[in-house]
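Okay, got some structures for you below.
Below are two complexes that have chain A in common, paired first with chain B and then with chain C.
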Partner chain A sequence: MIRSFRPDAGAKLAGTAGFGYDLDRPGMRFGALVLAARAHGRLDSVDLAPARALPGVVAIAADDLSTLLDGAHGDPERPPFASREVMYDGQPIAAVAAPTLAGARAAAAAVVATLAPLPVVADLESVFPEWPEAPIASSAPIAAHVHARRGDVDRALREAATVVRGTYRTSGVHQVALEPHACLAEVRDGLWHVTTSTQSPFGVREDVAGILGIPERSIVVDGTWVGGGFGGKGASLVEPYALLLARAAGAPVRLALTYREAFRLGRTTLPSVVRMETGVTDGAIVARRVRLLLDVGTSLPGRDFATGYAIGFLLGPYRTPAFEVEGYAVRTHKPPFGPHRAPYAPQAAFVVESHLNEVARAIGEDPAAFRARHVLAEGDRTALGQEVSAFGLSEVLRRATAVRDAWRRDAGPGRGVGLGLGFWATNTGAGGEARVLLSPTGLEIVQGEREIGSGSVAVGLVAAAERSTGLPRDAIRVTYRDTSAAPFDAGVFGSRTVGALGQAVDAACRAALAALGDRLGGAGELRLELEGDEVVAIRGTARRPVRSLLTPEERRDGGLAADGRHTGAPRTIDESLVVEGGFYPYQDFTGAAHVAEVDVDRETGAVRVVRYAAFHDVGVVVDRPTATAQIEGGIVMGLGAALTEESIWSDDGRLLNPGLLDYRIPTLGEVPPIDVTFVEGFAGAGPFGAKGLGEPPIIPVPATIAAAIRDATGVSLTELPFTPERVARALKRA
Partner chain B sequence: MTGDGARITVNGRTAPITEVPGDERLLDTVRWRLGLKGTKEGCRTGECGACTVLIDGQTALSCLTLTREIEGRAVTTIEGIPDAPFGRAVLDAFAEAGAFQCGYCTPGFVVALAGLLREEGRSAPLRQLLEELGANLCRCTGYAAIARAVELARARGP
Partner chain C sequence: MASFHVSAPPTAEEAVRELASGAPGEVAVLAGGTDLLLDLDEGRARPARLVSLRNLPWRTVVWDGAELVVGSTLPLRALETVAGLGERHPALFEAVRAVGGVALRHRATLGGNLGRSAPASDLLPVLLALDAEVDLVGPGGARSLPVDRFLRASRETALGRGELIRAVRLPEPRPSAYLWQRVRPANDISQLSVAAAYSPSDRRWRVALGGVPPRPVLVPEASTPLDGPAPSPAAVAAGARRIAEHPALVSDRRASDEYRRGLVGVLYTRCVRAAARRAGAAA
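Now for the complex of A and B:
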């Protein structure tokens, strides 16, 4: 009998947990994509005949869509296949299916695409060599422009006693889920079925409907265990192709990406350049100006919110009287920008924190002390005018500062200790419905969402039900259903699961208890207990087995069913400050302060992280071991983004490092000991005051490492990641 | 490309496999011919460690092993780990430490650690075990819980 705080331990350790990659059906065909081998080109022809001549092969491209979809048309802005023009290296131009995987790969290789080269825009800055001094031309490839301001910033900066300016560059980083995207599709009984490794079954349903132009009611999405998501599996990627192939083949089709393909198809954080200016008078920030160029690749419609979110994080969690922010989402010949754990927030925190460290130094103040006088707290207003809800940032800062000072006292030569802050705004999104079924022997939580690894579903929702009902976790289980049978939800992303779905589970449990209470009588709080195998309802002196409180219909249907729904708190920004584009209010304010000690090799520029401490404002700890694991994992992912991870594109737009040897993620031997501290008491909007925790841990990491390197060497790095080459070059220049 | 059979033992049972092409990888043999999907397919290029199995007790990457290369040898996959030396200890340690999140790298880690402990013994320094496990990648845990599991498993013995 396996003992673990993780209810998914048994299946995952036995190897019986079925992931998308493991999907299999009798008569199944293997699918493969044909990806464009040029970042920008005119697609003169796609010849499928050589592939179709191979045994058992079906091959499809843009011209086949109308037939396969019975004349339906999907969203013209997101065609599944390139038809006339290829917009990024790796864009799908055809798909094939064959009885074996080797057969599918051979068929994909047999497709002949004629692709005439067109000029490639790969580098963000090459588009605007004069930026930010010269205005951006209206003919520029801009997907979105966002702009907001308050006060007379020009004047405030002119009159400020000290003005500090800096330019920062951030790199593209990839999610690198250990399991690349994989699904299995079947078309039967007039329904389009797809089973997939996804963070959002309902999101996939909506996406597939939009891309293929078929109604949501004809699409059924089921989930599998998910081998890592990190934002990359929040929208559809392989599913439309697998469905089209299944239709063409008249058989189930499995489509699983290789690592190389997952890297090339992207949907992740892309590079940015940021210019920051801050004016200070008498030790106080009087004005800030922030300008951003954000690469959004082949921007997809509906994704332009990325710029508004990015700009919001660039303002940082600081009181700012006058400001101007302006961001451009720039189209390049790269795959579309997509969410990567805390989209752009670690990059933004690196820029803001590094810049404010320079500001503090310019006025001769300790950066932590400078921050302590400026961080937002409950009741303040953000730069964009949103009232700040409970926010523990000053408390985590205070505690982290004490650790920084203690570590500095005993850091040896070549060592440095740095501190960085991060903040996150849980995005609760649409939906958040839960159903519970209370039976005589336990409680079942019915879900469409799958456990993606964080524990937010398998542990978080169970812990929420435990708190709501009093039942022990052994008596509570999550049952997974497809989109035709599950309550609606937006997806497991945005650090929203425990906050939004957990609140829905809590509400559903309360509804179930209320229904029982009416039957039990008595007064006061009703709780459930497990007595042997029996669930017992208790209120005051009244005590009865749930079995005896159920109606005959409920007993027949497996228990008393109750529904709950998440209701977000209304949040607004001051729209009068917005000049153009979308800026967004935050559901919650979640703060974190990290401290790192690093050892820098001045010869090679290699940075080793010696030890690490993290302080997190979490509202309330819902499950301590799972929360700790979430923070440890986020920090190490952040160390990758800080030190080694960087997607590199050639001038002609080809991704040069689509594999793990050249895109280095952290390995076991190189991670530091991590000390995690939870700060409770600043209640969030989630159940019992919980705040989201999936994303906050990654956010302060690059900023913290940069500060530690600065402390060790006196050199301020302005470009992510801090590879040995970049650090060595900066040390030579200094 | 059609080849001969390859007689291998998988988890203690002879696996009669016929017509194995010379370029078939052990990873595909166990997953698709034998249906043992606990061995995970990751990069297929030897960089991630998710497909780790034991061959005659020693850790090996099944994605870089040709099935016909190991004619006559014994393969242990995650499904056979409970009966392998150190198998139970490693499984219990991973469960107790919660040394997994998404679970995709987990079978590879479990198999690799059981193999390492059998080879190096419980007296191997922790640092060495952790370094040798560096060939297995995990993207979720940050390795902290995995390091705790290694300590627990080593303390428990076979």
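Now for the complex of A and C:
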């Protein structure tokens, strides 16, 4: 008997939980993709004949789409296969299916693609060597330009007593879900079925419909247990190929990526360069200018979601009277930019926090004290004019500062202690619906979303229903349905699951209780209790088993069904400040302050994190063990981004480290003791005032480690990640 | 991964015969497979047959007087737990502990590491500094080679067609040390490593450099300045200057030449000092 706060722990430990890689059907074929082996090239021909000559093999490419889709046309900007031009290393050119996995791999290798080289843009800085001194040419490969300002920044900077400037570089990082993308597709009864390891079954349905040009009502998406997503499984990736292969083969097809393929194909955070200038007079920030070049890979013009978002985070959670921000989304020959846990926020926090530390030092003030005078609080307005709701950043900063000071007092030689802040917003804007079924013996939450590993579905939604109804968790379960039967939800991402979907569950529970209350009579708050195996409804002195309150139809259908819905409250920024592009308001304000102690080997550049403390503004704690685990996991992932993880591309745009040996996620050996503190009382956008926790814990980590290294060595690092070689080089230069 | 046939002959003679019957590239030795598997997976090697050594009686480790004899198929995890290894061959103990994680060391072998001869091997610099002898068996009978002659270039050894590594012999316990630098401390490939050992019998030092192309090498010019078991700071500084001039300190995708040149003297100095401390403790 396994005891855990996670209801899914037993099946996962016993190996009985089915992931995408475990999908199997009688007569199933194995799929494989043919990936382009150069980053930019003219695709002169794709010869499938050698693959098709192999036993039991089907092979498809761009020319086959029209036949396979009965003449339907998908979004011309998102073709599944390259047809005339290859735009990034690893772009799919063709797909094959065979009776065995080895047969599929052999067939993929047999496809002959003739690819003539074209010039490659691999490095965003190479495109703009003069930036920001010289303006960007109109012919430059720009996917988006965002620009906002308030006040006369030139004048404010000119007149400021002190101006600090810095240039920072951030690296591309990968999600590295332990389970690469995997799905199984079948086409039967006129429906396109796909079962997949995804963060968003409804998102996959919408994507597949767009890419293949078939109506959503003809597509059914079911989920599996998910071996990690971290943003990489929020949209479709393998699903359209598996469906096309299933159609071509007339049989179910499983398509599961290898790690190498997941690295090459995956959409994730790409490199950036940021220039920052901050002016200070009498100890107060008077103006800030931020310029950003963000690599967005082959993101399409108008489809770049990242740049406006990124630039918002680059303003930081600080009061700034005058500002100007300008960002360019630069197209390179890499896969499109995609979400990676808190897209770009850890990178932005590294830049903002590192820069702020230099500003504070330039005026001779302790960086924590400087922050305390500038952090946003409820009632303030952000740089972009949004009113700040309940925000616990001052409080987490105050508590983290005390820990920093205590650790610093005992730190020995070679040691340094740093502090970093981060902010985020619970993304409750996207809509969610929930259905609950109250039976005589318990409560069922009907879901299309799957548990992706964080506990937000398997524990978080159950905890929400527990709070709403009073029922113990043993009597509440989640049942998973495909998109044809489940209530709609936007997806398990953006720290929104408990925040948005949890409210829908709460609303559905309250609707069920209200319906019950009309039948029970009595007055006051209605609660449910478990008496033996029986659910009992209680209000005041009234007390009856739910069984006796159900109609005959409800008893026949398994219980009283109730629906709940969540839509985010409208939030606005001051659009008059926007010159060009999209900037986004926040649903709430979620703060975190981290403290790290590091040991720096000044001769080798090696950094070891000795201990770590995290203070999080969470609104209310919905489930303590799950929340703690989220924070610990986020910090470990952040340590990877801070110290060892970076995607490396060759000058001709090939990803040089598409594997777990050279793309270095942390091992347990590098994980320090982590102390987690929750700060409650600053209500967020989630149910019961909760704030999302999926993303906040990764955000302050690189900033915090940089500050600790600065404290240990006196040297400020301006480029992520802080590998021993980079640290040694910075120390040598200093 | 292409398909292949695996055999596991019960005797060395049969294993040698099976190996010798195949053309190079057509047959490969499986002695743990932790490195070979990557080549198979990536399609860099496509042997039709693998000859597994798992049934051979070479999973042994014995102290023969001062000499330590390690059977070539002994898993590194078993070597690591040999009583007295840390005291008598501290550098070897440190190097073995630097290979992968525990799970990997349950499969990886000393013979496999030698036979595959990877430039970044953590074990080979130590075997060089300890003057290891490699015992071979092949179609022409048995022979022994010093490890420095056994290793040729990156992934190239003196192994002849059909020849197998039977055992590795370390002639005497030596105060020694092994230090490496990596981007990530665990489960990573060393960007640079240094092994140093002091021989009580000939009263000389051996210093070897690892993590550099084309193969780990002895650096005699960095050991000659070292005067006795407790070398003077001036001697260590002289050795550190010399090792930093080594031509193998070049740029590749793991590190720049600038970093390696700055680092090598640091690792060398720490390594020699650690070995000298152990020599002092042993005296």
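Operating definition for what follows: the second predicted complex is superposed on the first by the 729 of 734 C-alpha atoms of A that agree within 3 Å, B and C clash if a C-alpha of one lies under 4 Å from a C-alpha of the other, contacts with A are read in each partner's own complex, and residues count from 1 in each chain.
Simple rule for what comes next: a residue touches a chain if its C-beta (ideal position, glycine included) is under 8 Å from a C-beta of that chain, and two chains touch if they have at least 3 such contacts.
This one's a predicted model, so the numbers in the text were calculated from it and none came from an experiment.
Number of chain A residues touched is higher for B, counting chain B against chain C.
Once chain A of one complex is fitted onto chain A of the other, the partner contacts of A:A177 are limited to chain B, with no touch recorded for chain C. Once chain A of one complex is fitted onto chain A of the other, the partner contacts of A:E466 are absent, as it touches neither chain B nor chain C. In the overlay built on the shared chain, the residue A:G669 is in contact with chain B and with chain C.
By the touch criterion defined above, A:R729 reaches chain C but does not reach chain B. Once the two complexes are overlaid on the shared chain, A:G15 sits against chain B while remaining clear of chain C.
Contact with neither chain B nor chain C is seen for A:D64 once the two complexes are overlaid on the shared chain.
In the superposition on chain A, contact is made by A:F230 with chain B only, not with chain C. When both complexes are overlaid on chain A, the residue A:A606 reaches chain C alone and has no touch with chain B. In the superposition on chain A, A:G455 contacts chain B only, with no contact to chain C. The interface of chain A with chain B overlaps its interface with chain C at residues 661, 666-667, 669-670. Those residues of chain A that touch chain C in the complex are listed here as 102, 105-106, 109, 603-606, 608, 643-644, 648, 656, 661-662, 664, 666-667, 669-670, 723-725, 728-729, 732. Contact residues on chain A toward chain B in their complex (touch as defined above): 2-6, 8-19, 21-22, 24, 101, 175-179, 225-230, 258-259, 452-455, 625-626, 629, 632-637, 659-661, 665-671, 673-674.
Of all residues in chain B, those touching chain A in their complex are 28, 31-32, 35-45, 47-48, 50, 77-79, 91-92, 94-96, 98, 100-107, 110, 130-131, 133-147.
Residues 1-3, 43, 101, 181-189, 191, 253, 255-256, 258-259, 262-263, 266-267 of chain C are the ones that touch chain A when the two sit in their complex.
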